[in-house]
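Chains here go by letter, A, B, C and D, matching the order in which they are written, and residues are numbered from 1 within each.
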Amino acid sequence: MREGGNVDDAARLLISCDDRTGIVAAVTGFLTARGANIITLDQYSTDPTGGRFFMRVSFVGGGDPAELEAVFASSVGERFEMWWRLRRAGEVQRVALMVSREDHCLFDLLWRWRRGELPMDVACVVSNHDVFRADVEAFGLPFHVIPVEKGKKPEAEAALVDLIGGRVDLVVLARYMQILSGDLIDKLAVPIINIHHSFLPAFAGAQPYQRARERGVKLIGATAHYVTEVLDDGPIIEQDVLRVDHRSTADELQRVGRDVERVALARAVRAHLHDHVLVDGTRTIVFPG
Amino acid sequence: MREGGNVDDAARLLISCDDRTGIVAAVTGFLTARGANIITLDQYSTDPTGGRFFMRVSFVGGGDPAELEAVFASSVGERFEMWWRLRRAGEVQRVALMVSREDHCLFDLLWRWRRGELPMDVACVVSNHDVFRADVEAFGLPFHVIPVEKGKKPEAEAALVDLIGGRVDLVVLARYMQILSGDLIDKLAVPIINIHHSFLPAFAGAQPYQRARERGVKLIGATAHYVTEVLDDGPIIEQDVLRVDHRSTADELQRVGRDVERVALARAVRAHLHDHVLVDGTRTIVFPG
Amino acid sequence: MREGGNVDDAARLLISCDDRTGIVAAVTGFLTARGANIITLDQYSTDPTGGRFFMRVSFVGGGDPAELEAVFASSVGERFEMWWRLRRAGEVQRVALMVSREDHCLFDLLWRWRRGELPMDVACVVSNHDVFRADVEAFGLPFHVIPVEKGKKPEAEAALVDLIGGRVDLVVLARYMQILSGDLIDKLAVPIINIHHSFLPAFAGAQPYQRARERGVKLIGATAHYVTEVLDDGPIIEQDVLRVDHRSTADELQRVGRDVERVALARAVRAHLHDHVLVDGTRTIVFPG
Amino acid sequence: MREGGNVDDAARLLISCDDRTGIVAAVTGFLTARGANIITLDQYSTDPTGGRFFMRVSFVGGGDPAELEAVFASSVGERFEMWWRLRRAGEVQRVALMVSREDHCLFDLLWRWRRGELPMDVACVVSNHDVFRADVEAFGLPFHVIPVEKGKKPEAEAALVDLIGGRVDLVVLARYMQILSGDLIDKLAVPIINIHHSFLPAFAGAQPYQRARERGVKLIGATAHYVTEVLDDGPIIEQDVLRVDHRSTADELQRVGRDVERVALARAVRAHLHDHVLVDGTRTIVFPG
């Protein structure tokens, strides 16, 4: 069996620690001794000598989750000074989706969610504009507007923290066009996934599609990444490109950009929800699946 | 560290057996107890309940390889009724390349080999035509011609067995256009990788590029697979496609076909040489990397 | 300017005829003499000696469209024994969308249409099941159910002809799982675009995803084509593939299949609506753009 | 018929001029009146009102080429103030290939040339290192070494101008790692095609693969472009990408980079040799085919 779709009844253990001999044996020995049956196991070491070790194990069985966690912590976790997290079987992540005025990423995610492709509970959709209320509510979801008025960004961010702080496990910026302050990122204290266009070469600044056209690029790309304080510079989760040519107007490049953005974002969110993504400083480990 | 390139000083253990609880723990526990340091570990189960289990572990250390093999066999291998194979550190596979009259796959492999991208010893190049002798010998490699005359295929196959039987670990059919008999496949008794064109839909029979053109296909593909007695029907290792359009003549479709064939074959050979491929009946498990 | 998006104020002339000297000069000379300004011109000949010639010209100006048509017919069209069609500036095609129980293609088209990516008037959505009524009506579109009961297919097809016959310019089968009879295809007398999964190699018959998994395919594809009486065998408009691996269950292959189907269908419909597609017997000419 | 491969017996007329009404009709009318049979015609306008117009026509017949050129110049060329160039039937471009110490692009081009995929005469291979002499000479080609010693770049560039100046129609930098001065570019006075790696985002400066790995990019790209005085910033002809993941070492990213570089460069050179590329300021028009 492999995990996937919306049915996913295996617990998952995520681990990272300094690499040294015996980690895999210790973890799998522990699970086997507790009667757990390992379903999948992925591991990666940046360098077996002095590097960082990353691991994801999914398993069924193993007895009471709380007790399993307690024993794992005291026996294996402490010994290897691990960061670790256990996602229990059936535990579904709560997600807040944020959007501004472009719908392509938001509704792609919502349709996938309704179709059972994304194992998440959508807590709500939040926007700085009241544009998509009817469409979102047709999915049976709450839609909240938190306008971001000039000079009143702190107030808007405070309202957002009031609304979703502590209530979600993940925030997805599905073309939400406001920059999040470091303070907001700290207070939300959950992973935040963003999507933005990417080109070869990159075009920083305004009107990137117009500039991409002037430069005659042949590929339009998108990058999904975790949000950090530095704009568009967090660890990359997924990237993709589509082909264009000289005939494309800036408008058409944008249409192609929408197609590649929604695909890259959906893959990144899906990988995150399945606990396939671990962060290693400025980059990610994305286990396949 | 990850394996790759032509430097690869980790031993690799490949395993398949019926799936049941405790395999990973047993294997990793064994290796750790022998002082081995696990570098990478990939595993896959077709079904944790009654399915088949596949695993690849690369490691450094572990003491004398012969002793390690012996103890592994008696302690772990027998217990789980495993098929298994240990490739020792530094052990390089000997490969025979076979070709007819098209050079694109052969020389792509040879250039990659010379550049250090394919960790293999090229034992020789064998052809049913004397076309590429000078080019092959320029690589410092022996070139053998075994013509396949009408009605004398058994003699040709016998000559091939005489030449390479027992002397190579892998045969690559780099556009070798003769069908291998089941008898030859049995006698060579090593994996044989073949490459052939693929389309959506498939076009069996003669002149496939002409027929692909008449049907107006938009993609030209290639499939690299292990050879079985059934023509072009063995376990698939790698597939890829390239885009074409209505302007392409049959000749040009063939040019594009060459490009996709050489890429798919090189990836398949590379995956095989790194022991990333395990066969599961009619299909393959290709561990990433 | 190039055509694209939902604003498209250039007329388009599509032509096919036996190839001979002087066609391009005659057509462009005619348009220039009538004061038209050619915006784009694409042409293709299967063989300049005895082949078939295809052309698409978009232009602005040229005076009264009805008069232009009449003069073109008598002066150029007859001389070269052309099949030709003029789509006037601003003329938008009326489209019927048909669906069964899978929504991924239907709603991808509807969202693109609402976003202005597909220049069409959606006349209605027709289904053999009453599953998507609320969702379709939320787009402000009529939703019709025509059940296809066992043994009563002729009656269902008659009802469909009553409903849309003569009222639409195009029918799109967005995962409509009934086979259309040759009689229905004749009576509708407009192009019909279908989408279906494709593999390398092809798997005819039932449970293709299960069989693709058993065979270990590495690519999942989709083909959008015009419907002819022979099932899934009409002229191909667009094809695409996505990569999968051994871990994918049949369910997941189907999820990937949905992604590639909706993309290939949307591209095919878009190319058709922009009059980029001409049929040449068993295949299509798809002019780029 | 469509042009392709190394047999290409149609003349080609390339045109650019300010866009206005009647250009296509004038050019095609001229050719038809001279008895030429148009094989393919591609055209593009940046903007029909005040934009720039680009056209490529291939044709057979038309009488004596020198006379055709003279009449075209005085009748059509002057009237529309065109830049234009006629490549006569059978006229093959002479090309100089330049390389430093990496062979993947050079030998990919040479093998394609030998296989008949690139319609060019290779005048010579020039390098700043004496590394590939034997391999190049095995193709029957002259190999010249022009070392570029510290502080003596002007002398090296002068030697290069002596060697190939006025003797070639195209220079291809197949991983030639010296920056060409503006003076050299002026003196060579022919198009120069370069290939370099590309990422999303871009990494300027040293050790790009190491930095790409640290940033965890998921795609490795390459850009083929015409050389201008600004490093790596000339009009883009072709781009492509390949997928990588966190396991890839910097060395492996480089191996993947080599694969994508050679493919992108070969496509760009092929498009140029078939006269499919026209330059529009900072970007290219690449007609399909």
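Here is the rule we use: contacts are C-beta pairs under 8 Å (C-beta built on N, C-alpha and C of every residue); 3 or more make two chains touch, one makes a residue touch a chain.
From a predicted model like this one, the values you see are computed outputs, not experimental measurements.
> The A-D interface: which of A-B, C-D or B-C repeats it, judged by over half of the contact pairs being the same residue numbers?
Matching more than half of the contact pairs of A-D: B-C.
> Give the label of the chain whose average Cα location is farthest from that of subunit C.
It is B whose centre lies farthest from that of subunit C.
> Compute the rotation angle for the C-alpha superposition of subunit A onto subunit B, expressed as a multiple of 5 degrees.
It is a rotation of 180 degrees, to the nearest 5.
> Indicate the whole-number Å distance between the mean C-alpha point of subunit B and the mean C-alpha point of subunit D.
Once rounded, the distance between the two centres reads 36 Å.
> Can you work out the whole-Å distance between the CA centroids of subunit B and subunit C?
41
> Could you tell me which residues belong to subunit A and also touch two or more other chains?
If we look for residues of subunit A contacting two or more partner chains, we find 1, 44, 245, 247, 288.
> Quick one: do these chains touch in a line, a ring, a star, all-to-all (complete), or other?
complete
> Inside the complex, what are the residues of subunit D that reach subunit C?
The touching residues are 1, 21-22, 24-26, 28-29, 31-33, 35-45, 47-49, 51, 60, 288.
> Can you check the complex and tell me which residues of subunit D touch subunit A?
Listed in rising order, the residues are 44, 198-202, 213-219, 221, 223, 235-236, 238-241, 245-247, 280, 282-286, 288.
> List the residues on subunit D that touch subunit B in their complex, please.
1-2, 4-5, 103-104, 107, 111, 115, 117, 134-135, 138, 245, 247-249, 251-252, 255, 258-259, 263, 288-289
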